[in-house]
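Input: one structure, supplied below.
Letters A, B and C name the chains as they come in the text, with residue numbers starting at 1 for each one.
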Amino acid sequence: MSRMRQIEDIYNRRGEHARKLHEAGEKVIGYFCCFVPDEIITALGMVPYRIQGSQSEPIDEADVLLEPMACPFARSCFNMALKGEYEFLDGFVVPHSCDTVERLYHIWHTNKPSPFNHLINVPHMLGPSSDEFFKNELLYFTKRLEEFAGRKLEVEKLKEAIRLYNRRRALLRELYGLRRESPPRISGVEITKTLVAGMGIPAAEHIDLISGLIEEVKKRPVVPPDGLPRIFLWGNEIDDISFINLVEECGAHVVMDDLCTGSRFFWQDVEETEDPFDGLVRRYLDIHCPRTLKPQAGAREEDLENRFGYIHSFMKEWQAAAAIFYIVRYCDTCELEGPDLKEYLNGLDLPVLMIEDDYSTSTMGQLRTRIQAFLEMII
Amino acid sequence: MPFAGIDIGSTMTKVVIVDDEGKILASHIGPTGAEHRHLALKVMDETLKEARLSLDELDFIVATGYGRINVPFADRQITEITCHARGIRALFPEAKIIIDIGGQDSKGIKLDAQGKVANFVMNDKCAAGTGRFLEVIAETLGIRLEDMGGISLGADGFVQISNMCTVFAEHEVTSRLAEGAGVPEIVAGLHEAIAGRVVNMTRHLGIEKEVVVTGGGAKNIGLLKAIEGKVGFEVLTPPEPFITGALGAALVGMDFYDRGVRPAKERKKEDVTFFS
Amino acid sequence: MEQARQEKTTAVKGTDTAREIRGLVKNIYKSAHEAKAGGRKIAYFMVASQYDEIVRAMDVVPLPTENYAGLCAAKRDMDRFLLKAEADGYSQVLCSYARIGLGFDAMRQELGQIPEASPDGGMPAPDMMLGSSAVCDPRFKWYQAARRYLDVPTFGMDVVFPPPQADLNEVRDYYIRYQRDQFQGLVDFLEVQTGKKMDYEKLWECIRLGDKAWQLWYDIDRLRVAIPCPMPSQDHFSIMVPGHYYAGTQVAVDFYQKLYDEVKYKADNKIGVVADEKYRILYGGGLPPWHTLWIFNYFESFGAVFVIENVYRGFDPVEVPSHVQDPIDYLAWRAFLRYTAYHDKARANSGIPTVEKLLEMIEDYNIDGVVFHACRSCRATTIGQVHMKNELGKYSDLPMIQLVSDMVDLRDYSEAQWKAQIGAFIEALQARERD
């Protein structure tokens, strides 16, 4: 079976692999967002599992316990848990990335506790004191996890895990490199499947899949440029192909992204520092997420450049002509960040379509017109 | 060298055929219904009859509107944003902002100096700010939708409707009636509410003259007055607001043809009879 | 020309002292205008960020943007600001305080002056903005976004506390250290902005005044256990102003002393809010419906008086260990102790600190029913409310309801629906009374 087919299989039956591991006696530690170091979990011999939602399942049970005016992604994940789809989680770890996920931790923990549950506070501000604080939070998390694992964390194992995940990151960057071509050698839909598949399986297996996939893609016949618009995608949680599929169906290539399910979670490596926790702290705190406040750097223009310059670079290197923002509704941090990013990109003559959506496949019809009109506008 | 545009809206299907200079040869409006493919062809046939043409004589057909992906005989499907812009640009070369108030959605479109779409906003998530809002309330008040404009012109001031949710607004209207408010004042209040919603949505684009209001909303004189009150100047309306999308679609087809694009294959007329 | 319905939307207060608040609120904005004219620094300021005394000690005049939004709502002049923010690309589901604030800043920038007829003279453009992560995310993202209209120095301060499951003995030190460093960062920033060094003796003085005010406020609330209740919740929403906008000044101490005397008199002489106090209600949480505070009087028409609330006086006085000698350390300790006050109780019982607090209130204040208010645009105070209600329900069988609207955006409010819900709630209270 081709690697892409294997990936599709895992994507379509997410959770299944982790469930099997759990049944075989492995400890599966579920978590949200980008701020929980997979490396620590892996180094303690457990399997990290990034919790996803389900865009096609309506949210029903969660509404009794969680207000509907909350992030629909979070609600969807919780809904799945209430329906028993996350019974295979031995651990439930939540970083305090945003208000909703923090509050969800308490509600989920009361109603569907795993054997191990932990909330990691993540500084919203950056600076030396934040580094120290986060390091202490990670050490405390490690201590609690050690108790659960029944073993102490070995520094060498942690360093090994860091190298392992860096290897995965490098491969994902290589895979993304194949999107720079015209037309991109791999579609946005395929990339999404590849990333989401990796959320639920051990890193070593994912590395194997990605390496194989890269070889496969390189062997694909070269296609001449088609002139379709190249789109950069910014936003938060996209763990379903339906939106990206819609964009590509409307006649565009999604060539690059800054999503928490995309480049945001893997782009930077962890520096191999003497004390591995220092490397982890630096790398995880430097993640470009709107929930982290970048200290003001000068006047407005300079500040915007400091905050978003990396996006401009991405767009230049991947030759993206326009950006689409896909914001899951009720995400305060993205909703406050979006207009600033839009201003920055418009200032560089890069058109932006800002979409606020409900994390559900049922709204795709309405989005089609918006996306298509935008593509018609930028040609 | 005639070109045709077909606009399949939620309630009405509109067809316009233009000549090679963009002048309207014929146009027709029919109900959309559930089987749009079948009815699309029916409205097309009526228009062709009026223009004394056959389907094969059309050099380019563009479909737009909500049902645009279900038109097998169209050569291209283009969004109503681009088509309305194109249609209005032909009718009003000075147009800078277009406000389209339809049955189920409303849009704001900004045109650049060349008349191309520079930006747009859409409200398609809820009924408030659309014809549907008025339709629902018209029923509650026991009056006809098409009479609302005239009725509101006779109002002495207006009753503030603060709820933008159609369901809540319905409640509010009922309460106001019970308290003795007059129907003209309530209708005027509804027009204020929609105008407020739609103009505010459009402010996102930066409002400047000339502003053209199109779609079903353009036939409501009370709503137009309310919009003018909010933007602070008179607005323009096309003589036939229902067909600007289809007209624009036909002109977009003309533009494709002029650029050398040709229909890809034989027009699929046969598929459609499957639904009769 | 509009035929608006003539209806009272503000509340009738229970105490006389509460009436003085109007003047104090006006003074907040008046002081800001005067400071600006006189060359003193003014700063956009977030309520309940634990940094009040630092700002006061540096002689910076605070401009509380959330309060301003509430004020606009109370005066029913918030629509133009909300609409402006939305027209500028801010989502309708975003915190309505932020939308009003951003809309106001946008209009001020566009007009080159304060928007005409702004409530209480409007907010002058600040010299700096002081965001914080206490309570919610928009409280530091908002000011970053506001730089679109106000290109001034902006600072974000972190406020952290451990979850109830954490072992406080293990984490206390580094949490307090981080908090201390965050406070110090604010001091450093203000020193640069004002060109002055922090006077630590003055800071201690402000802290003492702040603590004294909050002690008095606590004492006042303790008086409300009296039957009949001498001060209702609608007063609380007014009298929270000194505690939150004048903390660290003598004004707050004087006000609460005066209020204490009045409430004590009422308690001693059994003077209640209504003639016949039938039901004692706990306002369990959520920002108040600033747009329609009159709803409390509506409850009173059924004999239901709101006797206590879990909103603005979020913390009881705490005792910082005497070995803490440095004022910045003190503030860090105080914040930590305030936030973890119910952690031990939670670990021993429900697992949720707020539930423990509410259970205490239910007992101390002889509560008959609990009302929560969910604000559609405030995720911070709303997410988890249903959970709170559910969990509280496991430990108490009192009738409880959750009313939904928004703290300032009127489009989310349906009076008809509220009256229906309240009617059912009163019936539940009546049924209990009979049994």
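Criterion: contacts are C-beta pairs under 8 Å (C-beta built on N, C-alpha and C of every residue); 3 or more make two chains touch, one makes a residue touch a chain.
Nothing here was measured: the structure is a model prediction, and the numbers come from that model.
Among the other chains, C has the CA centre that is most remote from the centre of chain B.
Looking at B-C and A-C, the interface holding more C-beta pairs in contact is that of A-C. In whole angstrom, the spacing between the mean C-alpha positions of chain A and chain B is 40.
Rounded to whole angstrom units, the spacing between the C-alpha centres of chain B and chain C is 47.
Averaging C-alpha coordinates per chain places the centre of chain A 35 Å away from that of chain C.
Of all residues in chain C, those touching 2 or more other chains are 88-89, listed in ascending order. None of the residues of chain A touches two or more other chains.
Residue positions of chain B touching 2 or more other chains: none.
Those residues of chain A whose C-beta lies close enough to touch chain C in the complex are 64-67, 69-70, 98-100, 103-107, 110, 117-119, 121, 123-125, 127-130, 132-133, 136, 140, 143, 290-291, 293, 295-296, 299-300, 303, 327, 329-330, 332-333, 335-340, 342-343, 354, 356. Those residues of chain B lying in contact with chain A across their complex are 66, 78-82, 116-120, 122, 124-125.
Listed in rising order, the residues of chain C touching chain B in the complex are 1-5, 83-84, 86-89, 410-411, 414, 416. Residues of chain B that touch chain C in their complex: 157-160, 162-165, 168, 171, 175, 181, 185, 196, 200-201, 203-204.
Contact residues on chain A toward chain B in their complex (touch as defined above): 366, 369-370, 372-373, 376-377.
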